[in-house]
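There are structures below to look over.
Each of the next two complexes has chain A plus one other chain: chain B in the first, chain C in the second.
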Partner chain A sequence: MGLDAHDEPRRIANRVLATLLVASLAGAVLLPFAAMAPNRLVSGESVSLLTALRAWQVLGLAALAGALALACLVRPLGERRGARLTLVAAPLALLLTLYGLGDYAQRALTDASPAARVSQGAAFWVLVFCTSLMIVDAFQRLGASLWVRSGYGLLVIAAVAALFAAGTFNALSILREYFNIEDAFVAQFVTHLTLVGLALAPTLAIGLPLGLLAHRRPATRGILFSVLNVFQTIPSIALFALLVAPLSALGDAVPWLGALGVAGIGAAPAILALILYSLLPIVRNTQAGFAGVDPATREAARGMGMTRRQILWRVEVPLALPVILSGLRIVTVQAIGLTVVAALIGAGGLGAFIFQGLGQYAIDLVLLGAVPTIALAVVADFLLQILVAVSRPAGAG
Partner chain B sequence: MIELQGLTKTYGDKTVVSDISLRVERGEFSVLIGPSGCGKSTTLRMINRLIPLTQGRILLGDEDVTRLPAEQLRRRIGYAIQSIGLFPHWTVADNIAVVPNLLKWPRARIASRVDELLDLFHLDAGEFRDKYPHQLSGGQAQRVGVARALAADPEVLLMDEPFGAVDPLTREVLQNEMRRVHEQTGTTVIFVTHDMDEALKLASRIALLDAGRLVQYDRPIELLTAPAESFVSDFIGKADLGLKLLSRRWVHQYQQAATMSSEAPHHWETDAQGHPTCLHGGRPTTDVAPSVAVTDDWTATPGMTMKEALSRMVWYRVGVLPVIDDAGRLVGEVTLEGVMGRQP
Partner chain C sequence: MMSALLRPERRRDALLPLLTVLLVALVLFMGRLEPLFHAAFPQLETAVYARESFWRLTLDHLVLVLVSSLISVSVGVAAGLFVTRRTGREFEPLVSALAAIGQTFPPAAVLAIVVPLAGFGFVPTIVALTLYGLLPVVQNTITGLRTVPADTLEAARGTGMSARQILWRVELPLAMRVIIAGVRVSVIINIGTATIGSTVGAQSLGTPIIAGLVGDNIAYVIQGAVLVGLLAIVSDLAFERLERRYRIGGEASA
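Presenting the complex of A and B:
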């Protein structure tokens, strides 16, 4: 039997991991790991990973890279054991990268001027991004349950939080920026969450009944979905802008609404726009959730003598809930992101730092708005995933 | 007892069910049958008012329930459908307990009723109580569906082609089980099917419908032997009328004493426990061995239909079958002559 290229035995069991590993190594070698600048406004001098990290840290990363390389191969570990090894090595590499950066910043700034800044470079981001993806990929390969993922995620988050608490990152430019504006940050963070909450509550109050209506009266579906679809297609900045004129007119014309804060700029148009964006997924998922209930189940419930209300609450809602909550998950993550743009019309929130930073060309300020927004979205997504899993009826398998 | 009086359903100017009156006595197993679109399902669904009736009255016992709120009425009437419709988010026990729960029975009474019903359908309560519907086979799910319909001891049990979607083997088993359950519980049943064999097997009375009209409502034998009009015999099918008739006859009706004397044209040999072991003679053709060992495949039981008994005779080429009891002991025999000799 002749051997051609196709018959060659496979050596790499996990091509995704191999690609990520090559990308991290290339990034670590070719891109700057950190930047050192005399003050916050000038872009700094690049520092490579090899110069920034201590010898033991470089050796540690190299050893972990070796372990990850082993985890890709068919032999001797294979895919599943390789994935388990990845779940140990990748977070260690992530933590070591984080610690290494903080440690470098502390050392670099000991005899520098107080205005000097150390910030993270491209190689740092590549390493953080690639190691996170390695973890996600390993979980997918293991088919791990949500509970295992949650526990693991909490562990990694706790480790990162411990680094923060130990002051590892205090010397970094982004953290120094944070200490400068700590009070404003907390206030804007709360504003951000408040905006999202104030948008989601009415969305549910309006969207759930509309979804039920769309399910029970198919004739309403066409018009309802096309109207909601129109809102989805308007770009967010345009929608915010479009609401300015009518809302300021309304606030002026109806004094008590004005007193409540209805105005052309600020929270009112932001919340309204968020509601308009969030309605479609909620209405559509609610309708889909109810439509997914087997008609035979409904017929049986009716035949057994359940009232309409009993059928709704005991049969239809429990069976539709996972799909409805998936809709809530979509809009929550979407609203957390969109609220960033709301800062443009004076609604506040984490977006305020992003636009302020962009205006001042202060990248750290931009990141101070962006990173927590991303973290918030990831956490919200995760919590709602758990909620969806919990709401899934035991019998659904 | 349930009585339908002049039940009529019209959609616009289209009449789907036209003036159907029939009375189902307590404990009777009444089957509504007819070709597709004859209105049998509509009639059934009017009884528990899943479809509002255009005209007519329904008496449950002596009570006119036509004006009773639909939900209250439905809790007094069992309902089992082809697609079963078990609640996927509830366990078997919760599914069976639906109507008792709606009627606010005490918890202990519900629990014991659930076990009793699982027991009735030969489902081990310990094993099945906490299972979810998706863990059941089609046949088990349908048993649970019927158990659910029987849970609150309904005055009538309505069944809409309950065994239409299961495989033929399971259907046969479920039909036998339904006969047994009906005999044990004595529940009044109204059962819709389009399968004449199923109707003949289960019914104590058959209502044949055509185009929304009640053509004949009679005992199965009458339907076979005294059709009210040509539609009846056309629907039943003339080709296998004889076999249809035998499907309403039971082995115990034809059973006679087993011939044990070696002088007779055929006789049985039994072992010490009385199990039949061998048949000597009794074979209608001469190209086969005159003596043949008895196997389980060609024995008959008193509850077997004569159609099945005849089928076994033909297949195993014997003119006589041993009738055995639950312990497998010989208690009698049925013969080919017997099948021929008895007038319907």
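Presenting the complex of A and C:
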């Protein structure tokens, strides 16, 4: 399918892979692979890939690059077998890059001062990024199902987790930073998830009935969607900040609310703002989900003698569920990201590390907040994608 | 994640000039409201942010958003065009996947991750805004161009139009509404992220908000937040109007 009706004979079956390969080779040669610094607050001296890695690691990467080059070509493998080879070679290159960085950090720090730090450089990120894209491209070419992709993804994640467990990365700057604040990290991670959870539960409790209302009474749609869209439009930090004043007044004026934790700074304005942001996608998708139910199906259910309530719960809800869950997917990913900003009004969460790190010019602390947040958003997106796939009624397809 | 939906359009038409006037008035004459803020927050020593004028902050904010959006839109539309042409079609699935996955990344985290690579200040904010702003533009350019019906293209080819003419006179006009919807998402997100840019040292309307949160001055917070909120709403309404103009012209998806 990838072969176009080009006139000239083609040598390269997969130009995407070829581009990514060239980009990673260029990145590996031209950009710094790691940086070595005397302490955590200064940016260090650049170290190239060739000096950082051991000979066998460089040779290994070169061999894998050779395999990937082979996978690009029309002969001898062709597109599909090339994609399968990529699915073997690209993750190996990814793991070798990760292992090589950790290994270098350990060697470089053995006879350095205890304050010295080794951190990852741009070439490292380019290699991780390009090998990941190679894997995505290979799966697209093979047309692999969500299940195959999930299983494969889990395998790669397990391999990376094994490297972590084996202590490969312990000498790296970002992990040394992590060991310094391990307890706080776990606490803020839990806070982050709690904030998202505390916002999503009321969002669903309010949003689902509102969505149903918008479906049954079309006249309410215009005003409902306009109002909720305004909340989506206002920048997160502005909405968080604007809720600070009224909530602190409310907490002061009504003592029992204040005792419950309603205050200007902290979790209360954060959760309220997250709910306001999350309502639009939930309401819109609930309405769209119900609107997508075929009227003939509803008619048939009525003909079978089902009551309105039975039709709602046994027919409409199951059929609308995939669309509603897609809304939940959007909202969950969005809330994980917005909670970062909530740290600015004292709600905690992983954003606390980001802004603390930015304030101290401590880059590792910034990354320790940012990278797990991104990972959390991507994982949540993936899990909810699976949930959406599972919720599709089997017979309806 | 487009937020364009059917709405009572006439009522909102009146809102745009009204809110624009309100925004401009607040930007220019925030200082005049000092007695009001003093009355509301008597405990504060200074009740109106004065380290920098609000029009300066608004201008800086707009420069951040405009520069990054200009780059995002030109690169994004070019990338979308490339992957929908014959030579670049092979890259389309990957670019689409990249745009979709990238949008799950929290904008604030992207901004934070750019700092180690580009340092503090104006540059990392522009880089982060540009990278993030690219994604919806690319995604919607691809979607918009893909929704142009095949028989429309066939008919255009049949009338003897060249590939370039088809692009400019048929494809782009028909796809324009969806592309503008992407630009709208991109600009609105960037207005928000530029606000957070003040935490990495880029001056914007977020500066009084952060200063207020750090210095426990709720009046500063409100002043910054109201202005940036109004700016976002006015921009969104303006884009909505622009999108509607193209809906009348091209009945691509009836």
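The rule is short, and it goes like this: the second predicted complex is superposed on the first by the 391 of 397 C-alpha atoms of A that agree within 3 Å, B and C clash if a C-alpha of one lies under 4 Å from a C-alpha of the other, contacts with A are read in each partner's own complex, and residues count from 1 in each chain.
The criterion applied here is as follows: a contact is a pair of C-beta atoms (placed from the backbone, for glycine too) under 8 Å apart; a residue touches a chain by one contact, two chains touch by 3 or more.
What you see is a predicted model; the values in this text were computed from it and never measured.
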item: First (chain B), second (chain C), both or neither touched by A:Leu210; value: neither
item: Touched partner set for A:Ile374, first chain B, second chain C, both or neither; value: second
item: Partner chain(s) touched by A:Ala122 [first = chain B, second = chain C, both, neither]; value: second
item: Chain B versus chain C as contact partner of A:Thr233, first or second or both or neither; value: second
item: First, second, both or neither for A:Ile271, with chain B first and chain C second; value: neither
item: Broader residue contact with chain A after superposition on the shared chain, chain B or chain C; value: C
item: Touched partner set for A:Val16, first chain B, second chain C, both or neither; value: second
item: Intersection of the chain A residues that touch chain B with those that touch chain C; value: none
item: Contact footprint of chain A on chain B as seen in their complex; value: 48, 50, 70-75, 79, 81, 83-91, 98-99, 102, 132-134, 145, 148, 158
item: Residues of chain A that touch chain C when the two form their complex; value: 2, 4, 14-16, 19, 43, 122, 133, 136-137, 140, 221-223, 225-226, 229-230, 232-239, 241-242, 244-245, 248, 264, 280-281, 284, 330, 333, 336-338, 340-341, 344-345, 351, 354-355, 357-358, 361, 363, 366-367, 369-371, 373-374, 377-378, 381
item: Complex contacts: residues of chain A adjacent to chain B; value: 294-307, 310, 315, 318-319, 393-397
item: Residue ranges of chain C in contact with chain A within the complex; value: 1, 3, 5-8, 12, 86, 89-91, 93-94, 97-98, 101, 104-110, 112-113, 115-117, 120, 188, 191-193, 195-196, 199-200, 206, 209-210, 212-213, 218, 221-222, 224-226, 228-229, 232-233, 236
